[in-house]
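Below: the structure, in structure tokens.
As written, the chains take the letters A, B, C and D, and residue 1 is the first residue of each chain.
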Amino acid sequence: MSAPGLPGREATPRPLGVAAIGYAFMGKAHSQAWRNVGAYFDVPAVEQRVLVGRDPESVAEAAARYGWAESATDWREVIARDDVDIVDICAPGWLHAEIAIAALEAGKHVLVEKPLSNTLAESEAMVAAAQDARARGVQSMVGFNYRRVPALAYARQLIADGRLGTVREVRASYLQDWLADSESPMTWRLRKETAGSGALGDIASHAIDQVQYLLGDTVAEASGRLHTFVGRRPGRDGLEDVTVDDAAWAILALSGGAIASVEASRVALGRKNSLRIEVYGSEGSLAFDLERLNELEFLDGTGPVQEQGFRRIVVTEPEHPYLEAWWPQGHVIGWEHTFTHQIRDFLLAIRDGNPPSPSLEDGLQVQRVLAAIEESAAAKSTTVQL
Amino acid sequence: MSAPGLPGREATPRPLGVAAIGYAFMGKAHSQAWRNVGAYFDVPAVEQRVLVGRDPESVAEAAARYGWAESATDWREVIARDDVDIVDICAPGWLHAEIAIAALEAGKHVLVEKPLSNTLAESEAMVAAAQDARARGVQSMVGFNYRRVPALAYARQLIADGRLGTVREVRASYLQDWLADSESPMTWRLRKETAGSGALGDIASHAIDQVQYLLGDTVAEASGRLHTFVGRRPGRDGLEDVTVDDAAWAILALSGGAIASVEASRVALGRKNSLRIEVYGSEGSLAFDLERLNELEFLDGTGPVQEQGFRRIVVTEPEHPYLEAWWPQGHVIGWEHTFTHQIRDFLLAIRDGNPPSPSLEDGLQVQRVLAAIEESAAAKSTTVQL
Amino acid sequence: MSAPGLPGREATPRPLGVAAIGYAFMGKAHSQAWRNVGAYFDVPAVEQRVLVGRDPESVAEAAARYGWAESATDWREVIARDDVDIVDICAPGWLHAEIAIAALEAGKHVLVEKPLSNTLAESEAMVAAAQDARARGVQSMVGFNYRRVPALAYARQLIADGRLGTVREVRASYLQDWLADSESPMTWRLRKETAGSGALGDIASHAIDQVQYLLGDTVAEASGRLHTFVGRRPGRDGLEDVTVDDAAWAILALSGGAIASVEASRVALGRKNSLRIEVYGSEGSLAFDLERLNELEFLDGTGPVQEQGFRRIVVTEPEHPYLEAWWPQGHVIGWEHTFTHQIRDFLLAIRDGNPPSPSLEDGLQVQRVLAAIEESAAAKSTTVQL
Amino acid sequence: MSAPGLPGREATPRPLGVAAIGYAFMGKAHSQAWRNVGAYFDVPAVEQRVLVGRDPESVAEAAARYGWAESATDWREVIARDDVDIVDICAPGWLHAEIAIAALEAGKHVLVEKPLSNTLAESEAMVAAAQDARARGVQSMVGFNYRRVPALAYARQLIADGRLGTVREVRASYLQDWLADSESPMTWRLRKETAGSGALGDIASHAIDQVQYLLGDTVAEASGRLHTFVGRRPGRDGLEDVTVDDAAWAILALSGGAIASVEASRVALGRKNSLRIEVYGSEGSLAFDLERLNELEFLDGTGPVQEQGFRRIVVTEPEHPYLEAWWPQGHVIGWEHTFTHQIRDFLLAIRDGNPPSPSLEDGLQVQRVLAAIEESAAAKSTTVQL
């Protein structure tokens, strides 16, 4: 699908072979990105070699559908293959550490979905493996794909360029409603042992990563609260206890002096996938909503006050991050291309021998914030130092 | 201005005499309401007898401009007058308790601006005076005027009617930017001894009152944080310390099980007067922004999901609270009429001998929440029980 | 209510006496303005002397309610009174010419509601009377109140200042829905002999006035179409024919080269009072909606394209037209104050001996555009030159 | 990429071979759709056999990049190939007729981009060829891809289901700004002999197709105006005359009694790709903007008026058209998938032996409306009967 030997592309001995592990929601989204990245971006040639899953028939069907040459059921065999250069981990969180560490040790570049893992200890082991591998030229990246929303990448540019002056406040929320119905059934995502946490790890993690990414800063203190509104849900054998949070709240102090509030919920009826972020600085402000991901609102506070207002920038100009590859202005792109952009950047980093960002260390830092919020929540919201 | 003797109006021996104390921002807004209420609503006849202020020349000019028959400088003399039936207290917070208690003891109905006072002790004394007075048929009310925004009154109706099912989450913020400029000068509003607190008492109080009002519930636990971004501002003799908060954050648990987050800031650049409230229930949700006060967004979660969406209700139909008195549909009303409606309701309560709402007890309850947030903020955000 | 003798105000021998004719919708709105203008603006002192209507009891009640000293039923007697200096005509359109001409001849300043009259001949006679009167220092004005929406006044400033470059296109519509229900009954507004026309004269007239006002230009060519969707409506004695348009469309060419499209409807279900205007120029663009009258969207096309976007200006800063008189930023004003501002400007023009704007000539120019649209509509939309 | 033999899929002897002609903007967009359709939808297996263009080197690069097995430069040879079953025509409009007629005669299914051709005569010849071919089981379709925006497909459903009652008015516009800059250079799109028309054929055509599609009705009368704001633009050898319209306006009467206004412009500064459509009926209304293509605003006028409002439906539920194939709710899709959906429907129609929609007859009908608008514009906007 990509075109080796064309002008501006690296000559490579052979295309990079990719294996993806997992073919559910994330596997489908990542497959899309692998299938299409070369059609839009000048990246090293890749081949979708093998898709890995537990059920042989289902994974074979998914492989055929999503553009993979083969399917397999044993990830250990796959990461041992010579024709596999990249391992893309879309499996559930409790499998991340084992697979990622093995793949890195086998010399494969690793892309791992967020959250990094379900426990801090696992995350720390993954970071150690990533650091070892990096020293050997083996790269790794955690999949905070919303860093590749063009509007958010552009927001970071504006902040880094000083257009907001000193950032003071961030108001972030990630609201969904797929658990709003009390009759919605029990799943592995609602059990602490499999999911680690609820809205906190699943979606607040994205908001927290954005806070740190946009400001180029890290959280230093956290106060939090967790709550489960629907304590029991129908399982196979009657009602079962939900052991993760439906919603999470946190107040975060960043090292540089900004304060951020974060709220996440999977029971906020009417909000479908609404990651909203507002950033208030001394000279400018920003607002964003993932449900309108092609738009960024920017207020420039430096001109005459009577002319000021949040302007709705349709982030589809060739001058905007990633957009030159796509369609003419105003022809909006979809959520899936956060993954296309992620893989573009991952491949370019591999090509250039640079560590991609966000690193597993960045993923660990988010995990530490999540852990601090959980610790605070368990201690009557008392602020925890990171 | 009102029309005694018309059908549907109470026969009164003479119009109710009103005295207002204070003629700055709030005095101007309250005067508007007294001047106009009778033109729109069937209320007891009132006369704007006297406006009270410290500077004789300025208050005389204000009285002439705002429709008051006289001006005066000694509020004690004014509340002793026989032709004064109602005392409307628009003076700064540190004067509320003294004036309100004296007026109530003098048998005058009292409307007092929020926040009720600068200290809990004063607020408690005021409540005691109000309770004594109420037993004698003398009424009192605290000026949480946003309860009289038609869209918010309608929101309360929808919630009370069960249209949201069980309310789970409230996301509230009150963001302004008039202190965003670091060079904005020192004022009495930025000193703890005169203002009590900063964004917390000034505007978070409105948001907290709304949370309790809309849900018909009270806050049982509070965790909070306060922060001053601009620590020193130019005063008459050089830089002075700002001793109140620029911004406040709180996570509140209500007795009925809902959780509310509240954020208030006076440095949120680009937000002019943005009290935003989102309420998420098990069967419906609401969203509101004071900058668009004629609109309410309502999501009815009970129909087919493909038809659901936040609907923008233009709250200007005769069927909406207060609106029958105004203009045809779509002809929007302004912020000032929250006060017109407040005085309408105050006058009707006086006429009917009913205690108006919000009572001074309601004001005290808000003060207790504010105090709990301050206590929590001083203790590393540890949750405080109310 | 106003304050003669204060600094910055003209010394006047006595307050200007005002008579208003009509006390329905427009009379109520104008009364509001007369009652309040002096509380916000430094204008000559006025007294609400007399309100005129046909039914003695009703007009007496309205006078008491709306702040008028007296009521009367014979407008001829009223305009003859020495203590009446200003005649404010809120009567239906078919009475405009007779009253206005008589009042101007009697030496009274005249404010007359739009549309100027129901026929071109009447409008021309009114203009002749206004010109005669003007030569004698007697002023007149037609009530296109939306010129006094602060956001639209600011829009005109931006255009006049060249911020839009060359204006090319205007897209205007005025949509309401109070006739959307086919069962809504017959009224005088739906008969050609009393109303002149339907949506065309009632609301398209506002849109057309705005096109000319904002651009500082006049319509030179018009093509139009009129349509009545509900041809018969219930009257007292059964269904009656509706003889005016429910909706109107026009394409207008302005002398300066811009093209404007105008659409007006009273059956656009869900639009309550939505006068929307978009102006596209070579260097900037604007968008406005009367349902959000405190906001103006402005796009500045002169900066880097990646930073461009329609900015939502909350038109409530002291720097904005008329706003210094009102509330702090973000505290929005209502529709009624378009009339307060209109009367402010009318009074200042009288004080200074300047002809107020829009003049009766401006009103006639709008009537000519309306007539051209009707003529075109009757001739298969063939373009008519003005 | 597709998966023959899976449950629910037709057994086919071999995948359908596709040839695409043209690899610029439309060719890139269509290639995307061919490359991805099988990953999301259960459609007959297809193979991207050959991409055709004039420049051998460029088309070879594009073929490699966009997933085509081969490239070629002679479309006549390609349509003669036995392994080509489908011809997808993305070439400029003046080539449509020749290629489409030849391909249909060669027994290939044809998808042709809109507008159908540059002249009515060519379009009529294409329709004749399509009718002949259809009798032989050879299918054809014109690429009005916006019929496959899920929100618009859902809008059509709501209208067809009677949720709007009788549709009275449609207000449509398609505004872009890529020609707003007077210095933007001359291209083939600005010459009548190559482009046929300007904004009229390029984008008003989409709006007109939508009017007819949404209402399930046809235009019976048209009045129009065309205008070129920038008459000369820089070409290779100095300024050249622009011979097509920058903007177009039309008022259309539909057979069923509705009236539609249509406005299109490529100089509407700040509007990037804004196809806005509002539909007003007797019982409900709709609003849509292509810049927010995942949203539909719907007002249900049948409930209590105080609860009515335009609701913003995020059209991403599995219950919405096409959405079951995609991501979880709230995970928005991009503009490109209007083409993916178009090809899905095209392939299913081929599989089932049904004529796909919109047919070439539908394309011709739009051309007739465009011609009527041009005729009217040349005759002082006098209404033309279709």
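Assume a residue touches a chain if its C-beta (ideal position, glycine included) is under 8 Å from a C-beta of that chain, and two chains touch if they have at least 3 such contacts.
Note that this is a predicted model, so its numbers are computed, not measured.
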At minimum, the number of touching-chain hops separating chain B from chain D is 1
Give the chain pair, either A-C or C-D, that is connected by more C-beta contacts.
C-D
Would you kindly say which chain has the C-alpha centre located farthest from the C-alpha centre of chain D?
B
Could you tell me the distance, in whole angstrom, between the mean C-alpha positions of chain A and chain D?
35
CA centroid of chain C to CA centroid of chain D, Å:
43
Where chain A and chain C are represented by their mean Cα positions, the distance between them in whole Å
54
Touching two or more other chains, which residues of chain D qualify?
271, 299, 308-310, 314
Interfacial residue positions of chain D with respect to chain B in the complex
154, 296-300, 304-314, 317, 319-320
As the complex stands, chain B meets chain C at residues 1-3, 6, 25, 29, 31-32, 35-36, 38-39, 61, 64-67, 176, 178, 271-274, 290-294, 314, 316, 327-337
So in the complex, which bits of chain C are touching chain D?
168-169, 171, 173, 175, 180, 182, 223, 225, 227, 229, 247, 249, 251, 257, 259, 261, 263, 265, 267-271, 278, 280-285, 299, 301, 308-310, 376, 379-383
